[in-house]
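In what comes next, chain A is part of two complexes: it sits with chain B in the first one and with chain C in the second one.
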Partner chain A sequence: MERAVPLAVPLGQTEVFQALQRLHMTIFSQSVSPCGKFLAAGNNYGQIAIFSLASGLWVELVNSVLHFSLAHDGPVYSMVSTDRHLLSAGDGEVKAWLWAEMLKKGCKELWHRQPPYRTSLEVPEINALLLVPKENSLILAGGDCQLHTMDLETGTFTRVLRGHTDYIHCLALRERSPEVLSGGEDGAVRLWDLRTAKEVQTIEVYKHEECSRPHNGRWIGCLATDSDWMVCGGGPALTLWHLRSSTPTTVFPIRAPQKHVTFYQDLILSAGQGRCVNQWQLSGELKAQVPGSSPGLLSLSLNQQPAAPECKVLTAAGNSCRVDVFTNLGYRAFSLSF
Partner chain B sequence: MSSESSKKRKPKVIRSDGAPAEGKRNRSDTEQAIEIEERRIQSCVHFMTLKKLNRLKGRDQTHEAKQKVDAYHLQLQNLLYEVMHLQKEITNASGVSSKHEEIDLVSLEEFYKEAPPDISKAEVTMGDPHQQTLARLDWELEQRKRLAEKYRECLSNKEKILKEIEVKKEYLSSLQPRLNSIMQASLPVQEYLFMPFDQAHKQYETARHLPPPLYVLFVQATAYGQACDKTLSVAIEGSVDEAKALFKPPEDSQDDESDSDAEEEQTTKRRRPTLGVQLDDKRKEMLKRHPLSVMLDLKCKDDSVLHLTFYYLMNLNIMTVKAKVTTATELITPISAGDLLSPDSVLSCLYPGDHGKKTPNPANQYQFDKVGILTLSDYVLELGHPYLWVQKLGGLHFPKEQPQQTVIADHSLSASHMETTMKLLKTRVQSRLALHKQFASLEHGIVPVTSDCQYLFPAKVVSRLVKWVTVAHEDYMELHFTKDIVDAGLAGDTNLYYMALIERGTAKLQAAVVLNPGYSSIPPVFQLCLNWKGEKTNSNDDNIRAMEGEVNVCYKELCGPWPSHQLLTNQLQRLCVLLDVYLETESHDDSVEGPKEFPQEKMCLRLFRGPSRMKPFKYNHPQGFFSHR
Partner chain C sequence: MLSTLSQCEFSMGKTLLVYDMNLREMENYEKIYKEIECSIAGAHEKIAECKKQILQAKRIRKNRQEYDALAKVIQHHPDRHETLKELEALGKELEHLSHIKESVEDKLELRRKQFHVLLSTIHELQQTLENDEKLSEVEDAQEASMETDPKP
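And then the complex of A and B:
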C-alpha cells in the first residue's frame, strides 16, 4: 500500500503527533461544490478540508486547498450542498457555510442550528442530512431516533417524525411522493410521507431470512432508493427490495457489512468494510471490485454536477486520511489527502 | 681698370681717325702697328704699376682697419666673457643657499609673539628682511640652547628611574617564593573552611593544557555549575605530562622522523604482514584521543548520578562522550529494561534524530577513506558517541552548506546550548530510571498507577496485563498489524520495542509498543491485535482502530503530573479499561447459544454511536460512566 502523504521522517514531538493523528483519522462525509470543481470532506476531528478536483486530475497526491480546523467540536458525520451553501452536521448541530467563502482562509459559518432534543444528558449526533428541494427544507436524523425537518429559508424546525427505537443511520428521498426512507440501528427501514408526517411503511430487514445475518447485527447502515426500488445494507446482507410489495428481490453476495450504497446508471455501487468499491448489476452479479487505499470505506460521492463535466469522478473515503478518486469506475486514479 | 684701359684706348682710336690716311699708308700701317704694340705694352705696364700702387695703398688701409676691428673684436670678446663669467657667478651665488636657510624657523607671527623684545627688535626688523632673518636666527639659537638643557635633565631623570625599577623588580622576584610558602601554609585552613580555592586553582592549571573544545566545555560547564546548578561537578582527568608531550619542539621531531625513516626502510624489506599492521596503526593514529578528558557529574533529585566523560579526537576534530548512570541504591535490572540505562543507548536521540552513530564533521569522510574506515559507528563503543549536542557544548559547529577549513571552538555556541542540554540530560536520566522501576512492576503483571492518576480510570478494571517483553526491531517490523506505523516512518532503529499481552477470559489483546528515546515528550505508540472470536486488528475492526486512537492520539490526557513519567503505565491501564469496555459492550449474537461471556458492568449511556457504530471508550470522571468522544 503506498503512502498517501510523503512524510518526512517524524522527529520531534509535533511531527510524531501529526503523523499519529493522520493514522487515526476517519473521513465520514463528503460533498461536491455546486460548481463541481471542489470537494469538501469532513473527518472525525471536526475538520473540513476542501480539495480542488480540477487540478487534482493532473497531479498525484494533491494536498488540500484549504483546511479548517475544528469546524465542529466533534466529528463531522454528514454533509450536503445546496446550490450556494455547504451544510455540515455532527455533534448535535448543523452548520451552514457559503461555498464561495470556503475557498478563502478563515471562513466563518453562516449559521448553526440545533434541533429540539428531548434528552439533555448527552448531545445526540446527526448522522444523516437530506435535502428536499420541492419544499426547500432539510431533514436531519441521528442519535435521538427522530427525523427533524428544518425549513431552509426561515430556519425553523417544522416537523418531528418519531418511530425508530434506536438511532438513525441513513436517509433517502423518494422524489415522487415525496417520501423519506430512514434506516436505523433498530434494523427497520421506515417510509414517511412528508405531507401527512406519518409513517407509511416499515420493513424489518432482519426478520427476512434471506438477508439476515445475526452475527453482524441487525442495524441498517445505508439506504438508496430509485422510485420503486430500494437497496439497503449494514448488518444484514445488501439487498434490493421492491417497495410496494416489501419483498427482497436480490441479495448481493458480499459478507462484509456495507456502509454506503448508491444507484448509478444501471449499476449499484456499494462500499463498506474492506478496501473495495463494489459494482453490482441489478441481477445480483458482481461486475467489478475496485480496490481503494483505505482499509474500510464509509462514504461514496458521485460528482454529477452539470457545470463541470470534466470533473465527473467517483470519490471514496473512510478509515484513513485519504480520499480516493476514481475517474473511470474501473480503477483508482489518485488520492487526495488531509 | 678696364674703364681706364678703355679710356686709353679711345683716344688712340680717335687719333687714328684724325690723321690723313692716303699717302703714308704703307709706312704708317707698319709704324702704326709697331706704335700700337708699344703703346699697348706701355699701357699694360702702366696698368700694372697702377695696380701695384693701388694695391699697396689699399693694403695699408685695410690692414689698419682690420687691426682696429680686431682690437674691437677682442675687446668685445673679453667683455662678453666677463659678462658670462659674472652671470655664472651670480647664478652660483644665488644657487648656493647658505646654511641658515635650511633651518626651519618658526613662523613670523609666532616669532614676534614669543621672542623677547631685545632679540626681536621689532622696529628694526619689520622693515629690514636681512635684520629680520638675523633676529630670527638669534631666537632660534636661544631656543635650541634651552632645549638642549632640558634634554640633558631628562636623560638624567630616566637613568634614575631605571635604577629604581631594577630595585623593585628584585624585590618582587624575592616575594614569589614567600607567597608560595604562605599558600602552602594556608591549605589546612582552606579545607577547614570548605573553600577549596587551591583545588580550583590546580584545575585551572591543568585546564590550560586542554585542547580548545574541551577547554570551552570545561569553562562553560564550570560557569553553568556555579550560576545555576550547584550540584554539577566538573573535573579533568588524564595525564598532563602526556598532553605537554604532544607539543614537542621541531628539532626533536625531525630527529625522530629521520630515525623512523631508517626504521621504516628496514621494515618494508619484510613481507606483507606489515601492510595490514601499518593500516591498522594508521587507523589507530587517526582515531587517537587527547590524553586529557573532562568529566561531568550531574546529580538528580533522587541521588542518582549521570557520569559523563568527554573526549577529544585530535585528528578528527570532534568530541565524543561516554555515559554511565549510577543510582543511590543498587538496581535490580528487570529483563526487559536491559537497554534503558545501557551506556550505549541511554543518551541516544537526546535531541530528535541525534543518534550519535555518524561523525558530525563532514571532512572526516575523506580522512576515513584514506585509512579504510567505513564508519565511526564501529568504534563508538570504545571511543564514545559523537553526538551533535556534544560538539555544540564544545563550541564546535560543522555547517553542512559550506565545509569550513578549520572549525574553531566557540564559547558563545557552547553557552547557548548548555542549559537546555543539561536539563534534557537530567530529564532523560529520570525518565529512564522511572521506566526502569515501572518495567520491574510490569514484568510481574502489575500496572503501577500512581494515586494522582487514579482518577483517569474506573475503580474496577478486570482485564489484566499478563506479559511484558522486549521485542527486536526486525521482529516488530515483521508483525502483520504494525504495517501502518512502519509505513508512517515511526519505527526507526533508534527506538525500543516491546510487546504487552492483556487478557480477560478467552480474549487476548496483543499490544506492540514503540518506545521513542525521547520518551516522555514523544509518546509511545501502540498497535493492537485482539484474538477473540476471530482476529481483529485496525484493518478489519473500527473499534480496535478507535482503541488505538484512544492511547496514541489522546495521550495528553494520560500524561499525569509533570514530568509525565506515568505516561506509559497510564496508557497500559487505559488499554485494560478499553478492553473491558469492548468485551462488555459487544452485542449479543442471538444465533449463538449461551449467555454473554462478559456481562456488562460498565455504565454506558449508549452502546453505539455514529456511522461507524463506535463503542463508548471515553471514561468520565467523577460520574464514572462511559460515553463517546
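And then the complex of A and C:
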C-alpha cells in the first residue's frame, strides 16, 4: 500500500480527503482515444482522467495525467470511443465528449441522453455500452434489464430489446451476422438480431454441468466473441463456447470469477478477482499470469489503434487508483495513477 | 646540414604517408559504415517479415486449437455409422410390425364380415319362420270359420 502523503508535510483537510479518496477509488472503465495516444479512465467518484500514453511510454512519467474532470454524478461504469467522441455512461445517463476538447481544462459535455425507462422514478445504472459501426448506433444495457439502441446521428432511441429477467452486465458484438450478445445476472447469454430486433438464441450457462459453479452464483460478468466462438465467465467458470451448436468446448481452470475477457490474436486474455492478467490458449492451457498492481481487476483495454502503433499496449484497471500498462504482454511496464 | 635536410625530408615524407593512410582509413570506415547501415535496413525488413509470419502462425495455431476443441466435443457423441445402423434396424422392425398389424386387421375384418353374414341369415330365417307361423295361424282360423259356415 503506497503512502499517499509523506509524513513531513502537515496534514491538511484536503490532503487527507484526497488520500482517502485515492485509497477507496475503483476504476470501472477505460477507453482509448481514436488517435491512440490517450487513455481515458472513469472511476467510482464520477471522474474521468485522461492519461497520455505517448509521454508515459517514452519519458517514463508515472503521473502523466493531463486532465481530470468531474463528469458524472455517480460512478462511470462504461465508456466507448468513436471517431471523434468519447461516450461515457453511469447512473442512468450517457454523455458525449469531444476528444479534441478533453485535453483542455473546463471542457463541457456535448450532449447527454437518458434512454426511455419504464417508470420515470427508476434510474438504473448503465453497465455496458457497445458501438455498432455498421448502423452508426450505440447500444446501452444495464439495470433495467433491457437493451436500448440509440442512433448516434439523430440521438433518438430506436429499439428496446426485452428478454432478460435481471440486470445486464456486459455486451459483445458479433460482426458477421449483426448480432449482439448480452450477459446478465440471470445467468443467460442472449443473442439478439439487430435487424429483426428479436432474441435469436439463449444460452443458459448455469444449466451446463461442466461450467456451472453454484457456490459462485449464475451471473455472467464478462463476454467476448469472435463470430463463431464466445467466451463467458463470472459466476460459472470461464468457458469457451461454440455458438452455432451452443456447446461448451473448453473450461478454463481458474477459480476466481473473471470480470473482463477479450480475444487477442491467438490468445484469450482475462482478468478478474485475482491480481493477475491471465493469458489462455484456446485449448484451455494457461500460457501466462502477469501480476498487476491492483488487488482485483475490472477492465482491460487493448490499444490497437492503427494511428499510433508505438503505443500498442494493454492497460488494466480495477480496485485501486492505478492503471497498469503492459507494453509487452509478459510483464507490467509501469502504472499510471489518478 | 645535409643530414638535417634529409631528416626533415624524411619526416615530411613520413607525415605525408601517414596523411595518405588516414585518408584511406577514413574511406574504409565510410565503406564499412555504409555496409552496416545496409545490413541494419535488411535486418529491419527481416524483422517485419518475421512479425508477419508470426501473426500468420498464430492464426493457424488458433484455428488448430478451435478445431481441437470442437473435435473433443464431437468425440463425446456416438459414432454416426453406428447410429445409422441402429436407425436402419429400428426401421426394419417397424415395417415388420406394421405388416403383422395389417394382416391381423385383415383377418379381423374377414371374421367380422362372416359373422355379419351369419347373423343376417339367422335373422332372415327367424323372420321366415315367424311369417310361416303367422300364415299357418291365419289358415287355421280360416278353416275354422269355413267349417262353421257351410253347416246350415
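Convention: the second predicted complex is superposed on the first by the 315 of 338 C-alpha atoms of A that agree within 3 Å, B and C clash if a C-alpha of one lies under 4 Å from a C-alpha of the other, contacts with A are read in each partner's own complex, and residues count from 1 in each chain.
Methods note: a contact is a pair of C-beta atoms (placed from the backbone, for glycine too) under 8 Å apart; a residue touches a chain by one contact, two chains touch by 3 or more.
What you see is a predicted model, and the numbers here were worked out from it, not measured in a lab.
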Partners on chain A (chain B, chain C) - clash or fit: fit
Chain B versus chain C as contact partner of A:Leu98, first or second or both or neither: neither
First, second, both or neither for A:Leu298, with chain B first and chain C second: first
Contacts of A:Leu131 with chain B and chain C, given as first, second, both or neither: neither
Angular separation of chain B and chain C about chain A, which is computed from CA centres of the superposed model and rounded to the nearest 10 °: 160
Comparison of chain B and chain C by chain A residues contacted: B
Which of chain B and chain C A:Leu110 touches, first, second, both or neither: neither
Partner chain in contact with A:Val123 - chain B first, chain C second, else both or neither: neither
Lowest C-alpha to C-alpha distance for chain C against chain B (Å): 27
Complex interface listing, chain B residues touching chain A: 352-353, 483-485, 487-490, 492, 516, 518, 521-523, 525, 538-540, 542, 545, 548-549, 552-553, 587, 589-592, 605-606, 608-613, 627, 629
Touching residues on chain C, where the partner in the complex is chain A: 55, 58-59, 61-62, 65-66, 68-70, 72-73
Touch list for chain A against partner chain B, complex: 1, 3, 7-13, 16-17, 19-24, 26, 28, 74-75, 77, 121-122, 125, 127, 143, 167, 169, 185, 214-215, 217, 219, 221, 259, 273, 295-296, 298, 319
Chain C partner contacts - residues on chain A that touch it in the complex: 228-229, 240, 242, 245, 247, 249-250, 265-266, 281-283
